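Chain lettering (A, B, C, D and E) follows the sequence in which the chains are written, and residue indices restart at 1 in each chain.
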Amino acid sequence: MLKRVHFPASILPYLLVAPQVIVTLIFFIWPASQAVYQSFLIEDAFGLSTEFVWFENFTYLWDDSHYRSSFGRTIFFSACVAFLSMAFALILAGFADRVIRGSTVYRTLLIWPYAVAPVLAGALFLFMFNPTIGIFPFILEKIGYGWNHYLNGGQAMFLVIIAAAWKQVAYNFLFYLAAMQSIPRSITEAAAIDGAGPIRRFATIIFPLISPTTFFLLVINATYAFFETFGIIHAVTQGGPANSTTTLVYKVYNDGFVGLDLGGSAAQSVILMILVIGMTVIQFRFIEKRVQY
Amino acid sequence: QTEINWWHAMGGTNGERIDKMAADFNASQSDYVVKPSYKGNYTETMTAAIAAFRAGEQPHLVQVFEVGTATMMAAKGAIYPVEKLMADAGEPFNGDDYLPAVVSYYQTPEGELLSMPFNSSTPVLWYNADALEAAGVEVPGTWEEVDAAAKALVDNGMKCGISFGWQSWVMIENFSAWHDLALGTKENGFAGFDTELTFNNDQVAARLQAVADMQADNKFVYGGRRGDSLPMFTNGECGMWMNSSAYYGSIVGQAKFKFGQTMLPLDKTVADAPQNSIIGGATLWALQGHESDEYKGLAQFLTYLSSPEVQAWWHQETGYVPITKAAAELSKEQGFYESNPGTDTAIKQLSLNTPTANSRGLRFGNFVQIRDVINEEMEALWAGNISAQEALDNAANRGNDLLRKFERSVK
Amino acid sequence: MVENRPFLAILSHLILILGVAMVALPVWITFVGASHEAERMLQTPIPMWPGDQFFVNLKQTFWGSGLTGTSIAPVWMMMFNSLLMALMIAFGKIAISLLSAFAIVYFKFPFRMGFFWMIFITLMLPVEVRILPTFEVVADLGMLNSYWGLTIPLIASATATFMFRQVFLTIPDEMLESARIDGAGPMRFFWDILIPLSRTNIAALFVILFIYGWNQYLWPLLITTDADMSTIVVSIKQMLEAAEQSPEWNIIMMIALLAMVPPIFVVIAMQKLFVQGLTETDK
Amino acid sequence: MAGIKLDTLTKSYGDTQVLHHIDAEIEDGEFVVIVGPSGCGKSTLLRMVAGLESVTSGNVHIGDKRVNDLEPADRDIAMVFQNYALYPHMSVRDNMAYGLKIRKLSKAEIDRRVNEAAEILEIGQYLDRKPRQLSGGQRQRVAMGRAIVRDPQVFLFDEPLSNLDAKLRVQMRLEIRKLQKRLGVTSIFVTHDQVEAMTLGDRLMVLNGGYVEQFGTPIELYERPASIFVAGFIGSPSMNFLSGAANAGQVTLSNGTTIATGSTASGEVLLGVRPEHLKPEENGPFKMTIEMLEHLGGVTLLHGVLDGTDTQIVASLNGITDHQVGDQVSFAAKQSHLHLFDAKSEKRIEE
Amino acid sequence: MAGIKLDTLTKSYGDTQVLHHIDAEIEDGEFVVIVGPSGCGKSTLLRMVAGLESVTSGNVHIGDKRVNDLEPADRDIAMVFQNYALYPHMSVRDNMAYGLKIRKLSKAEIDRRVNEAAEILEIGQYLDRKPRQLSGGQRQRVAMGRAIVRDPQVFLFDEPLSNLDAKLRVQMRLEIRKLQKRLGVTSIFVTHDQVEAMTLGDRLMVLNGGYVEQFGTPIELYERPASIFVAGFIGSPSMNFLSGAANAGQVTLSNGTTIATGSTASGEVLLGVRPEHLKPEENGPFKMTIEMLEHLGGVTLLHGVLDGTDTQIVASLNGITDHQVGDQVSFAAKQSHLHLFDAKSEKRIEE
């Protein structure tokens, strides 16, 4: 997929990439390399005394069962967020695709949570689920279920998951609807003539055909859940109770910013960077040769 | 005019009061301008200051909560001990003017005051007087009575008997001091960084276990790590609440019932009489790296902040303890304690006895993280996942690891 | 659709309306919250219908000091800061990404793919995980407490570069050929042909980046110490913090509402371009 | 097997009526082609038979059954779409088997039918490929196969050849024709290509703006087009139309030339004559000056204007002729090759 | 105005050579069509003339100038692309004016040229529309207009008609032809459609796999195709090829029939005869059984197999014939309509 023709070579392309490359070098490459360097240090908070310790920060993490469990937790959290928001979006898109008139109206009505800042989403859900004044704990109590996410780790996890998923439904819906609308009508018609009812058509034709979108969204949602939900967790649970909502990114922040353990936090950053690069490569390869029928 | 930057962690109404103090100071003279900036909660403010210091952009003055003391202290090149600052600037300063329970927390073993006490608090027991009366119980003085009162409140239809916030501070640090128990070796860390945590003793464990057991019939309900449970008290859900005296301002504003504050309950199985409680809240640290002229202004400002009038006002508005003896006197003279019974509880608690090695306070490195660890383990206890002893053992073990890390980092 | 049964159509609408209701609920509650008195918001159950204090709260929030004593800049000023930051980030990212994508697609030069990968891999890392060193760089450059410091470090964009690359690749080769035969040089081609042809994508990206910029939290929190530079999203978190002491939920909800309005407005106003630009190429 | 009856069928979208009173009976086993320009309603009509569009009024019968309210799946039809509409994620085999699986046929029966169809269409070696791995012509065959395996009463085709290149189109056209004859299934085939229509259909239905212009065999349409529209649509190059006045068995063209037609009609008429029916003849009545020549090898097309008028006229002569641009040529045409149309109604004037 | 000279031009992409030693002289004002199957290198050749592809070896001259190293903009050419390559965001007027603006012509001059071109092409009323608001044919005209305003020495066309539907294609083909004659600009036109090639070109260059198969007038190509490839490519339906052995002025087909050819050639040959040159004649040498009939109106195509062989054979007869499937028919062809090709080299055997 490269261009057949190019402009003749000159210095111009270097000038064109320069701003991006310079910003990248100064504000990314350099700080990232600093982070790598820091991950080999034990340092006091003010940076006044440092000791080079090679991989000690890493081995410390390796031995730390809390760090290991935050891995599993992050994966669980991401999987739940991705699954919930994608499933909900898929269902809505499936129905929106059916209604001939009004699918754009529904799109308008569904699109905007995308614009809400994670921190804000967190604030809204925190308010709705505030054990004392929140509306949901009130309702839940009426049906005999006690809500206290300050105490109950499962509930806290549930809360951040739905807040994160809520924000992402809009985005997923957009892509699913677009994908469904781009399936040639004649294919669903052919299936109808072949005798497949709406549900069967969805299961055997539409869903398989939008699987590239599903895969794409999976990557996007996983990335989102990994990183961008920081604001939600920070606003809602701050990783608690008892670590039950501490994800990897939150832990990097918490150990570095709250605990002022810079070396340990930098080591976690380095591990995250490696993870991200892995995810990026997957995403890149996927987008580059998008699965297409 | 010389600008003096002051980063603080006082949101809400207290933030307004900070602004007022700065504005008043600015109006009182023309050489200096103090610029307060709200930087988020205690941890965020501290981190912001440290990050700024590393980048050479530090403020002159930063508010750091008591648990950050060890970290700040250890950063010898970064901080400017206030006693020295005052001396260098030629401002009058006399350590004896301050309440011993307050200053002792922030002194070097040699007795030099490192940071300026500003908003010091101590946990007290807040109670809903109307509810207690309705349930027909007296204000409790011991844990036994707390338990009974909680039962009576619940039986009388309340959703919960007692709750508390800042649980490590209230239920472990202050519980230990109150009953003269050590939190760790080496005089709770005052005598050196090679200290180990020892709060996982039978007494604390028994107390926490008993509290955990109180959850069964809602005599105790957990409501979050810091002040999150305040609405439970002000809403009338919980009849009793243990937390900082500094919630006074908020409770006055929000409670629609008659409330009071009393001393922390005594655990008779541990001690016969209370020792003294330890302070919380925060102090103001001066940071290195500015012009001497600026420090001069800063010193003036600190003098201003500690003046009896300012402190008395601050104390009466917020519930933080007055840090100087003069301010306490002034409040008394103004008849504040008489018209607001119970508002002297904090001072009384702090000055109940001469502090012992166990009740002077604590000075553990990485204590912000250790508090996190304690919070985590206590939450696991409240959730019923582990026993009190397990929770404390875990916390002490993990805490000790952090202490060792700290010890290395400041070598 | 194939089946023309009205029952299915009604069912579809019902489910969609239900879905919309579920998605909208949090904001409804916010709106309700913003329309009552502070006291009412502390009594359980909190109301489900709007009260009559909306404009009172709006006035207090927008022109007044906002939440009592957060002692940060007035809300309109924070909104202005947010707006400026969002716009600078969005335009900055779009500009430099357009240029670099142009270079990468339309020129063949040594290290071309090297640059591309450097931009691509590195920038995927969120600010959160490299924030301290980045902060130090910004401080060293003396950009703390400035709009430049708020924006420039966030301005490099792999996603935008990648997206424009994709867009440019889908522009038929004949456009370039035709322009070359017409005698257009590279920059002329860029301005006259490429930019106009990518405008839906630019618009879509603008929406995404505006929201990205507007919603920044941790970075502005750290980089600004001057109350006058504070942004609205940062203030929300600080208000939640302060809510522990003085829970003025009505004002918090009002500010939350105000903080949501501009990005939501941008998304909805540019919805069509946004959806087109997003789903036609990025996917 | 079954015939199809369309009974005063109409279709409207909102206020716009796109099909007007279509009546037609299609015999069992017949191959009917619906032909007409883009937008005339061909697809709509076909889709109404398929059950993919609702009927506004009138009836559709397949066999003896009124099928207006049946779902497509229940009408026992199979359809081949312009873009083939193969399921891209299924192998060729699964594409063909899909409808049978839904109908819960036994595995053995499905295999039998799929293999049989694959053999007929010579796509046996592609059965395990995905559609994207096939060429256009192969995809076309798979689409046919999917229709065949179902063993339906009716085949419906919506421009199934228009995505193929010219050569392949000719070839597939022959194959479809053969296959339909062999299977004997009643078929409706939609196209806008008159050559396709002529070569495929037993009968052609010419649609124009939602009305049936003519319904008859290709030869009928060629020889006796019912209207100017049909006359111009069928045959290539298009018929020449010359305006004139008819009177007493002859037509006087606008340049004064009179031509004997043997028709008793009178009044304003259009005289139609196909390019291939114009034969050079000295003193022939149709005189033109050649403006352009097109040598197609087998035939040569002479383009020009009828002398004394501004009517464009085309003649098609066999072989490579040695005419030059600028030459004046006269043509004549047999009386039986002249067509008369009423200038107003544009309908054929029948003797 | 200027002629074009291609001088042992070759093109390779990496190791694969896609054009082999192309030599050609195109006269000033001539209209040359390059024709050949997909992938044979037509576009590549054209783009080398345009300057959009580099020259691997050899030379391109436009007029007297060697242009190998000139930028496209400096070659004084204009090009019309298959997808028109109109700038979608510019109005028709701006599309046409763009190149002139870059050349810094005065506003008045630009207006004059654009209006003139618009008039020639009858697109005056669309000048303010955007390309997407135009139909395919109108876009095509705009693309032409953009080429015309430049007043170049050479027009280059790369399959400019292949996105149009059949009718429009015929019409635009005529227009392009007229326009080129009127403007007299040297033109190269690429297509893979032989009808287009035949009707448009003064001369045709038939390309196959990067080699020039033949370069001559349409009639030369039709009457004396230089190879089997050209013979099969030019003419529709395609020429029939019958394998046989040549000897002493006659060819013996595989079924034993002998046909006099008057050629002195001997050995394995292919005998070519066009469908339109087969005339029914009792006892004619070409006997076939009809397998299928196609009535196209003007002609009827008879498809069948040459008796005693399995060679497919097609005959094209004028009018509507009354043959039936299954009939046995014999055909003859004039000796001058028989073509002989060497079976090995596939080249024409010249007498």
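Quick note on the criterion: contacts are C-beta pairs under 8 Å (C-beta built on N, C-alpha and C of every residue); 3 or more make two chains touch, one makes a residue touch a chain.
This one's a predicted model, so the numbers in the text were calculated from it and none came from an experiment.
Participant: Give the chains in contact with both chain A and chain B, ordered by label.
Facilitator: Looking at chain B and chain A together, the chains touching each of them are C.
Participant: Which neighbours does chain B have in common with chain C?
Facilitator: Chains touching both chain B and chain C: A.
Participant: Of all chain pairs, which one counts the most C-beta contacts?
Facilitator: A-C
Participant: In whole angstrom, how far does the Cα centroid of chain C sit from the Cα centroid of chain E?
Facilitator: 55
Participant: Centroid from C-alpha atoms only, then distance chain B to chain D, rounded to Å. What do you get?
Facilitator: One centre to the other, that is 92 Å.
Participant: Among the residues of chain D, pick out those that touch two or more other chains and give their numbers.
Facilitator: Residues 52, 71-72.
Participant: Please output the residue numbers of chain B that touch at least 2 other chains, ranges allowed.
Facilitator: 44, 54, 228, 231, 235
Participant: Where in chain A do residues touch at least two different other chains?
Facilitator: In chain A, residues 5, 132-133, 189, 192 touch at least two other chains, as defined above.
Participant: Within their complex, state which residues of chain B touch chain A.
Facilitator: Chain B reaches chain A through residues 43-44, 46-47, 50, 53-54, 71, 74-78, 221-225, 228-229, 231-232, 235, 237, 366, 368-369, 372, 375-377, 379-380, 382-383, 385, 402, 405, 408-411.
Participant: Quick one: in the complex, what on chain D touches chain A?
Facilitator: Against chain A, chain D makes touches at 50-52, 71-73, 77-79, 81-83, 85-89, 98-99, 102-103, 130-132, 146, 150.
Participant: Across the complex, what residues on chain C touch chain A?
Facilitator: That would be residues 1-3, 8-9, 11-13, 15-16, 19-20, 23-27, 29-30, 33, 41-46, 48, 95-97, 99-100, 102-109, 112, 115, 118-126, 128-134, 136-138, 141, 152-153, 155-157, 161-162, 166, 169, 173, 176-177, 180, 185-187, 189, 211, 214-215, 217-218, 233, 236-237, 240, 249, 252-253, 256, 259-260, 263-264, 266-268, 271, 275, 278-280, 283 of chain C.
Participant: In the complex formed with chain B, which residues of chain A make contact?
Facilitator: 42-49, 51, 130-133, 148, 150-153, 238, 240-243, 254-255, 257-261, 264
Participant: Across the complex, what residues on chain C touch chain E?
Facilitator: Chain C reaches chain E through residues 172, 174-175, 177-184, 188, 192-193, 196-197, 199.
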